[in-house]
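Below is a structure I'd like to ask you about.
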């Protein structure tokens, strides 16, 4: 068992927000999904106060060793999530982390307060980093601003509060320290890198014009950012970015993470989370002190 | 002919600083290098005031669709460059752009002033973005600081001054505007993304601990950053990052660049620059208005 | 069945420019016509044009019998290119069956397929009794794939260049009177959009760029008539024409 | 010769676990022993372990005659793995010959190779008159590569496990009296470091991770006795032992 902010988790591997829809997956794969649930905690897609339809298609572009998405955070809004999704997500065999986003501290506070009331929700992740939505700069990109936002949200909940940092910043270590100073119980990183693809006519391919790069292409950026943040914070870290194997997960743990999240690899292998957790366990069994 | 800050160039393709050593290549490939010189202008490695040995090896790590380098800017120093390299670089059939780096505006000014005196040098590129050297944050990462530095260097030379931006920033568009406001005649981007690789024991593989990610893995980050900068500056842009083909070069031109630089692809195909220029020409011939 | 599984290629056949690959899938659930699978070669997935493919690719099941699945491939990029290179003994990652296939109807079915889009219609025809089948192709070379329809009467064929069958668009073969008819269509977006605009009962099997195929990424959406978007992979790929706002060009 | 060229594989042979691939290179300059080439498969370079290989890989020329080049491959990762899979008719991107090879000497040469490091020594032996050759391998299976030395007397062989030849390290076969001798060595870093520490005249062919092979990236450096670093690709790969500060482990 891994202790993560007081949650007792079976193993180190969870999902990245927005990269696994447990409700749709249960429809596609049946009950076997719950028997072999790949993650030790489930992170919801990002929820916003109001419902969002998301960006117009096309929303995907494949790159060398990765992909760009401009999904645009479609979701049913807070009320729709609590009413329709939460009862189904509560049936999952693992703790639920709800990821929320707002463009102001007030919105985020309202979201956090609503989640705080629901016992089905074990922890809250603040997405201060999504590069897909046109709010100008990410609110998490400037350390002082980030600390103010987190400090504003903090009183709204006693549940563990994870701040998902943006990688599109000059100094991610300073952002990590700011999140901790603002009262975060944990930080998670990295979110996608801002990227763009043009079609053969030179027009933006993606309906949202720009999108976020994920997958193996960003793996070593993730290792660098996790190591940089780990050097400056004492709270636990959820590391992610391009993890495909237990060896990749181990890299992030060794760089300073307590948990590892799998995103894009689940698209290639729906059960990747479980496989990676198993590979990690095998590595641990084969080595006296694998995390040294 | 392409007009770039008053230089008349044969085609749109130059090299990225530090990715082609014309002197060593002439030794390896003989006179044929000069007959078929792949670039329309040659950019030197980064030169610093004092000689530097560079980082201890290993300096390279291969990634999915790219590589990380932690070369650490080895160079003979300004005096060594002017005495030993400049006479040989002056024999190249194309204009020479000298790339310089310093950790303060004063150092950069001294470097620019020394280059200004040498007629063999057609233009100066300021590297304010190298993530490999431990100076804390890149001096180019904060727009106001960048503008101050560029404005400090500007009076030291009448030659075209190109500012090579750092991609490791929250707002590259603001950095581009700052460089222009400080007096840059052009901006170039993107430099490598900060990245890290661990060996199988979990120790940093690279002698410099962290390094810079280049190649196809960063191509779509480059397209996004070039487009973002192009929207805010009037000076010409040198676009680079992961260019392997004429189609990739065309993407950057359409995103707003005037020239395209090739880096990592020259390692795979030493004559890549010439091939890409040819592919661009063929695309132009096959299309009424390819740059529309 | 949760997760992907490695299956072995047991046969490879060509039909003009198309390739049919059969794989042995003894343990997978039987697919319904119109469902699809996400496929990726176990070896050498990557290293093609633009260092791709990276993600798996979606393919309709062409035919399924006795633990054996057939897929029809058209070479349009690095993914299909690699899959068409598969040969006996090679291994394939396979996730599926996925999505909602064709829905049964009491109306008279007419099946209309364009190009590689005939795949899910072949699967459907296998379950019907001598349905009417109309197929459009680029030219006679591509039209060789019409031989895949083995159930019932010969399909009617059109080609863009007139080199086989009727010279023109496959939609030109539709009867003027469509009352009592339900159309089942798959093919290029322009063809599906033309059928949607007919305003008659029709089921359209859409294509869309997909990353996951099981509802995880929200990348494959298509706009709905009522506003908003549906995921092609879990809400489709077969949609009632009336549900759709349009059939997007890509 | 500037740039890379596509060359065709004309033969593939195995020696124990090693593979020798011969390519037809009619137009390339003749290499000197100890020089190397940067190689990449034209097809399917990428998509292996960790989505690699991406960069070309460095290989000593094993043998060169009449427009035909031979290379010896040992499977250590995704690049060598792919190259060992090459077969007749396959194409290879080739840049070279590159680097500074072995330098002639008037002293008595003794050639010492370890594992796949025998490649540049085979090339050297081809130019000498029955030189003394000492080769070390892991075991009898690997020692089959000793058959590649065809010039002059049989090489002396050692194995780590004693399954062929002398049981022990290849350096144990060196004569006690090395006066008048010049050693030519290539093999694992520990072996080269041991030879360097002998302090006798020796030329060491180094390996190093390389991105370009022609001095462009400054990635392949090795530390020098006088301080600073030299690029293995253009200042080597063959160095006088006395020039080197050490032979780094990787």
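Labels for the chains are A, B, C and D, by order of writing; each one numbers its residues from 1.
Just so we're on the same page, a residue touches a chain if its C-beta (ideal position, glycine included) is under 8 Å from a C-beta of that chain, and two chains touch if they have at least 3 such contacts.
For clarity, every value in this text was computed on a predicted model and none was experimentally measured.
Common neighbours of subunit B and subunit D under the contact rule above are A, C.
The chain with its CA mean position farthest from that of subunit C is D.
Centre-to-centre, using mean CA coordinates, subunit A is 34 Å away from subunit B. The distance from the centre of subunit C to the centre of subunit D, with each centre set as the mean of the Cα atoms, comes to 52 Å. Separating the centre of subunit A from that of subunit D, both taken as means of CA atoms, is a distance of 47 Å. Contacts with at least two other chains are made by residues 46, 50-51, 54 of subunit D. Multi-chain contact residues of subunit B, defined as those touching 2 or more other chains: 63-66, 215-216.
Chain contacts in this assembly form a complete graph, since each chain touches every other chain.
Of all residues in subunit B, only 18-21, 23-25, 27-30, 32-33, 35-36, 45, 53-54, 56-60, 62-67, 69, 71, 74, 215-216, 264, 266-271 touch subunit D in the complex they form. Residues 44-48, 51, 54 of subunit C touch subunit D in their complex. Remark: subunit C residues 1-4, 40, 46, 50-56, 93, 95, 98, 208-212, 214-223, 227-229, 231, 234, 248, 250 touch subunit A in the complex.
Residue ranges on subunit B touching subunit A, taken from their complex, read 61, 63-66, 68, 137-138, 141-142, 166, 168-171, 193-198, 200, 202, 210, 213, 215-221, 223-225, 227, 242, 247, 250-251, 254-255, 291-292. Touching subunit B in their complex are the following residues of subunit C: 50-51.
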